[in-house]
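I am attaching a structure below and will ask some questions about it afterwards.
Order as written gives the chain letters A, B, C and D; numbering starts at 1 within each chain.
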Amino acid sequence: MFSQLFINGLIAGAIYALVASGFSLIYSTCKFIHFAHGAVVAVTAYILYLFFSLLGLNFWLAVILTIIFAGFFGWLINKILYKKLRKRKASNVILLIASVGLLILLESLILLFFGADVKTIGFIKIAKGLEFLGAIITPLQIVIIISSFVLLFLLFFFTKKSKIGKAMRAVADNRDVAEIVGISAEKMFSWSFIIGSAIAGIAGILVGLEQNLEPTMGTNLIIKGFTGAIIGGIGSVPGAILGSFLLGFSENFGIWFLPSGYKDAIAFIILFVFLLARPQGILGRKK
Amino acid sequence: MLEIKNLKKYFGGVKAVDNCSFEVKPKTITALIGPNGAGKSTVFNLVSGILKADSGKIIFSGADITKAKPEKISNLGISRLFQQTKLFNNLTVKENLLLALDNEDTKFWKNLFSLNKLSKEKETKIKEMLNLIGMEKFESTLTRDLSYGQKRLIELLRTILNPHKFLMVDEPVAGVNPKLREVIAKILEKLKNQGETILLIEHDMNFTLNVADWVIVMEKGKVIAQGKPEEIRNNPRVLEAYLGE
Amino acid sequence: MISAYFIHLLILIGIYLILAISLQLSVGFTGLLNLGHIAFYCVGAYASALLALNGFPFWIYFLAAGFLAMIFGFLLSIPTKKLKGDYLALATLGFSFVIYAVALNWTGLTRGPLGLPGIPRPTLFGFTFSDNVSFLILTFIIVLISYLIIKKITISPFGKVLEATRDDELATRVLGKNTFKMKSISLATSAFFAGLAGSLYASYITFIDPSSFTLLQLIPVLCIVIIGGLASLKGTIIATIILVLLPEPLRFIGFPSSIVGPARQIIYGLILLLILVYRPKGFYGKVELE
Amino acid sequence: MNKTAKTILWVVIIVIVIGAIWYGVTRKPTTEEVIKIGAILPLTGKNASYGERTQRGIELALEEVNKEEKIIEVIYEDSRGDLKEAASAAQKLINIDKVQVLFSQLSGVSQAIAPIAQENKIILFGFTSTPGFTKQGDYIFSNRGDATNIGKRLGEFAIEKEYKKAAIVYLNNETHKGIEEGFREIFENNDRSVVISELHEKTETDFRTILTKIKAAQPQVILFSSRDKYVAMMLVQARELGLDQQVLSVQGIDSKSFLEIAQHTAEGIIYAQTIVYEDITNPELQETLKEHQNRYGEPMSLYAANSYDVVKLLAKIVKTGIKTSPAIKIALLETRDFPGISGDITFDETGNVHKENKLFTVKNGQFVPYEE
């Protein structure tokens, strides 16, 4: 049974990582908690549902369009809401409240257009999973785990090697110094939203296929993603991914021993222990 | 009064304070001078407990305060002026000064139940101090709205009003217009005559050399020379340090 | 008797007032980014409900709610020693999630999602505040006392030390004040009043379950503190009245029945965002957090 | 945004707030003989899909009942599953809209509203099968019956099938806790045992580890007592993990989205419910079932059937000239075998109903009665 628990933990961790990485990228650059990131995941899942199930586009075309839409949507949110707030020198708390307000708004809009019932994208046929070292895992779950790791490396190289990545890290490190050196912080903020939201798009697609669609799916996902990001180190994207996997494993191994109702409790107790003992998280630097 | 014994403080590779030792005798104005980055402000931060020393000892009138917390050090009688302004922007001038007078305001129950009518004696002390620097009508303006020079003055007053036996003043006149510079020099002179013990950091050489009784010169975290102002004025080692090799 | 509806709203305003001015004490006056306020509200509500259900008299379960919340306040002030700004916000938010998870899972004590029904209305000196009018009077008295206490704290020299800690903690410590003790007292006091508000809420609605203490409940209170203006009790009072009444008129707009739910939420979300965008400093806010 | 623009904005917001409340308060209640029902349903949030289904039942009934002349008006309020919100809605409906009857859904919300309704002598129909809900007062009614009977019916079935070991996964709320207790009461004696019984939260979407525990315990039958979306996901993940035991479930899973999510894994699931599709002889009710099918593209759910029946029953009472809550209360208690889609309605003295639970199954994508 150990291998099955390990696989379950891996799948859960991969899903949290998909959400946490985008969220953490935006946090590390723009320095505020963007809760509405969960709603971006939900919106993109429904956009895929619109393209594929309602408009009947080819699945892979729908996937690409959805990811592009996600990036654009992130850029739009930043431009309309957060840029205005930043111009008015709003503090981080105000940005946090605005992001929760946006979460409520987006979830109600989804509810208005798509109705409350659970939707399925119906691209995947349900069948018994593949036997693998005594554990059972479905092809989609394998895709989720692989894409999560691929994302980890791509993000790692992007932030370390690419021009935009380094500029973003400069802004994350010290916004004023970066601006003196000629990096426009505003541009980097919008880039972090574009990339972060595109990752949210990938998360939306994979989670939508695996767990079906519901207007409030975003809230549940972002709370777990947020927890994973803090455990791993809110400032560092690899940390967020590591923290998410740690969360996935501890939840699944935890409820093997405790009644399964304690799943959320385990997650939040780990969160609280980290916040007390090591607030900057596993990979975070002591501020 | 204050004894520093082979104090060390490294930030990664940078040896901010490197085995530095000196002593400040009571009732004297001692100046701590040296080029930028010599470790002067770091010594101040170590003495006032804001930074923890890597090794070495700080003894203040017999008590070892190397590991003590800033609030404990302050209550032992060390009052300190910061290099950059650290006033309470959202409080008025009077409120800033009142905070320095005593620690009665940290007693929760006493404050909750007493009428906290401002005692006559505190009122007059604040008024007297403000008259000294001609800022009595600024009593209820928010310190946020003062000019830089005015802020430095109020901050100096706050440091002086804080009950102390030893005063540490970090670049009081830096960036202040000449007129206010005179006022500050007059205050330091007045404190000296009252027999206060002051440790002063100041770049303006002639301001320092005619105010100080004793001068300590630091470079790259070490004490490279000590002596009376006249001796230091033409000490080759000091000139070399300032003008650079 | 339309007034019954207004009395109900006034009682809600009263409960939110205590919550908001106590949060103002820790956020506005002491600069502690406390996102765990709802956890104290939850502890107070459950403590009061459980004691009331086991027959304790009003003033015991009411004050017990406050003191238990205060103890959790002290507990949460431990991390404030080394955490600042964002990290403190995250720790307190994590704390509120933990309390919610405990309320949901410790079914032995709190009956989990089944909640605690049949919480008795308060009885004082033999009189039971069963109807809403008398409950409003009780709420009003408690709000008044809480306001006076918090007002007294904030205008006293102690309040000035809190504000000094907010503006520049290091400078306050160098003046010889133990700012960690100040922050824990501030957080504990604000937790105490949040506990009282929780007790009032439990006694008024007579049924509580964990869903009343989630992150979504924190947002209105946090908005009130921000929109009212940091460190301004007057602004907080006005903002409380507006934000509690804000969703009410939406009930009277005749939306077609199929979209009445989401439509109201969209308008509420939009107004919230508009207020934040055009009034980030709040009505009377003079304080600028760094 | 200079100063004046900001003040204008504030004046506008305050005017809207005051204006709308004034409009609401002074609005003249419509003509006297129309009976008003205040429906406090979860129209947004996690439980929106169940609020939506109850609403469909009400709308269908209203069209039929108000065909000639309008005798019933329904005012909707969104509780979002939040107690404070529900209490505010109830106060507004009772005191301003002067409703005679309240509808409330979800066990938590219904518990919060029950004392308010009872105190104001307003009839409350709680669409929840929380055990003992209607005992809180003589104005408190329910058309759902006690949840434990469903558990008992499934227990009897498991005994007939000579299952020895059973596993249960149930939603963490009053109703499904009642079903779990009912099942154990019947099933657990002599050599039969419930090897695993775990609850899950409303936020759960990943049941793999619970199902892995069940797989290890090797039960012969598994009871998923939860709402349709959770049961479907449990079913899918169970089949993915290779669990092929017989699955039992409960009322409420008869929805289009259940079939969409579960797809072929739904085949052969056996669930207990009160609705009796085929042998509804009453042609009118047959008509309504067809109307629901082609309007919403799915069979009438238990939620819709329940609210539909209550509105029709209230309409029948109102047509006899009864207008006030106390009078309606008496008429309700006297109701005997009122024909309803969710089963014939007869209230016991506490205001609840006892409906016989029948077994249903899914055969090639259809919800049909279960035969041996």
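Everything that follows uses one rule, which is that a contact is a pair of C-beta atoms (placed from the backbone, for glycine too) under 8 Å apart; a residue touches a chain by one contact, two chains touch by 3 or more.
It should be emphasised that the depicted structure is a prediction, and the values quoted were computed from it without experimental measurement.
A.B. asks: Keeping to the contact definition above, tell me which chains border both subunit A and subunit C.
C.D. replies: Chains that touch both subunit A and subunit C, as defined above, are D.
A.B. asks: Looking at the contacts, which chains touch subunit C and subunit D alike?
C.D. replies: Touching subunit C as well as subunit D, we find A.
A.B. asks: Could you work out which chain's C-alpha centre is the most distant one from the centre of subunit C?
C.D. replies: In terms of C-alpha centroids, the chain at the greatest distance from subunit C is B.
A.B. asks: Please find which chain has its CA centre nearest to the centre of all protein CA atoms in view.
C.D. replies: Smallest offset from the overall C-alpha mean is found for C.
A.B. asks: Give, as an integer number of Å, the spacing between the C-alpha centres of subunit B and subunit A.
C.D. replies: The mean C-alpha positions of subunit A and subunit B differ by 50 Å.
A.B. asks: List the centre-to-centre spacing of subunit B and subunit D in whole Å, with centres computed as mean CA coordinates.
C.D. replies: Taking the average C-alpha coordinate of subunit B and of subunit D, the gap between them is 73 Å.
A.B. asks: Using CA atom averages as chain centres, what separation in Å is found between subunit B and subunit C?
C.D. replies: It comes to 42 Å between the two C-alpha centres.
A.B. asks: Distance from the CA centroid of subunit A to that of subunit D, rounded to the nearest Å?
C.D. replies: 34
A.B. asks: Spell out, as numbers or ranges, the residues of subunit C touching 2 or more other chains.
C.D. replies: Residues 104, 112, 216, 261-262, 265 of subunit C each touch two or more of the other chains.
A.B. asks: Touching at least two other chains at once: which residues of subunit A meet that condition?
C.D. replies: 107-108, 111, 261, 264
A.B. asks: Check each residue of subunit D and list the ones that touch at least two other chains.
C.D. replies: 44, 48, 51, 172, 201 - these are the residues of subunit D that touch more than one other chain.
A.B. asks: Where do chains touch, given as pairs?
C.D. replies: Applying the touch rule to all chain pairs gives A-C, A-D, B-C, C-D.
A.B. asks: Which residues of subunit C touch subunit B once you look at their complex with the stated criterion?
C.D. replies: Residue positions touching the partner: 149, 152-153, 156-161, 163-164, 166-168, 170-179, 181-182, 185, 231, 286-288.
A.B. asks: Under the stated contact criterion, what part of subunit A meets subunit C in this complex?
C.D. replies: 31, 33, 81, 84-85, 88-94, 96-98, 100-102, 104-105, 107-109, 111-112, 223, 227, 230, 234, 261-262, 264-265, 267-269, 271-272, 275-276, 279-280, 287
A.B. asks: Using the touch definition up top, name the residues of subunit C that touch subunit D in the complex.
C.D. replies: That would be residues 1-5, 8-9, 12, 104, 112-115, 117-118, 201, 205-209, 211-212, 216, 242, 245-246, 248-253, 257-258, 260-262, 264-265, 271, 274-275, 278-279 of subunit C.
A.B. asks: Touching residues of subunit D toward subunit C in the complex: what are they?
C.D. replies: Spelled out, the residues of subunit D in touch with subunit C are 1, 6, 9-10, 13-14, 16-17, 19-21, 23-25, 27, 41, 43-44, 48, 51, 55, 59, 74, 76-78, 80-84, 87-89, 91-92, 94-96, 107-108, 111-112, 115, 136, 172-174, 177, 201-202.
A.B. asks: Where on subunit C is subunit A touching in the complex?
C.D. replies: Against subunit A, the touching part of subunit C is residues 27, 33, 78-79, 82-87, 89-91, 94-95, 97-98, 100-102, 104-105, 107, 112, 215-216, 219, 222-223, 226, 259, 261-263, 265-266, 268-270, 272-273, 276-277, 280, 289.
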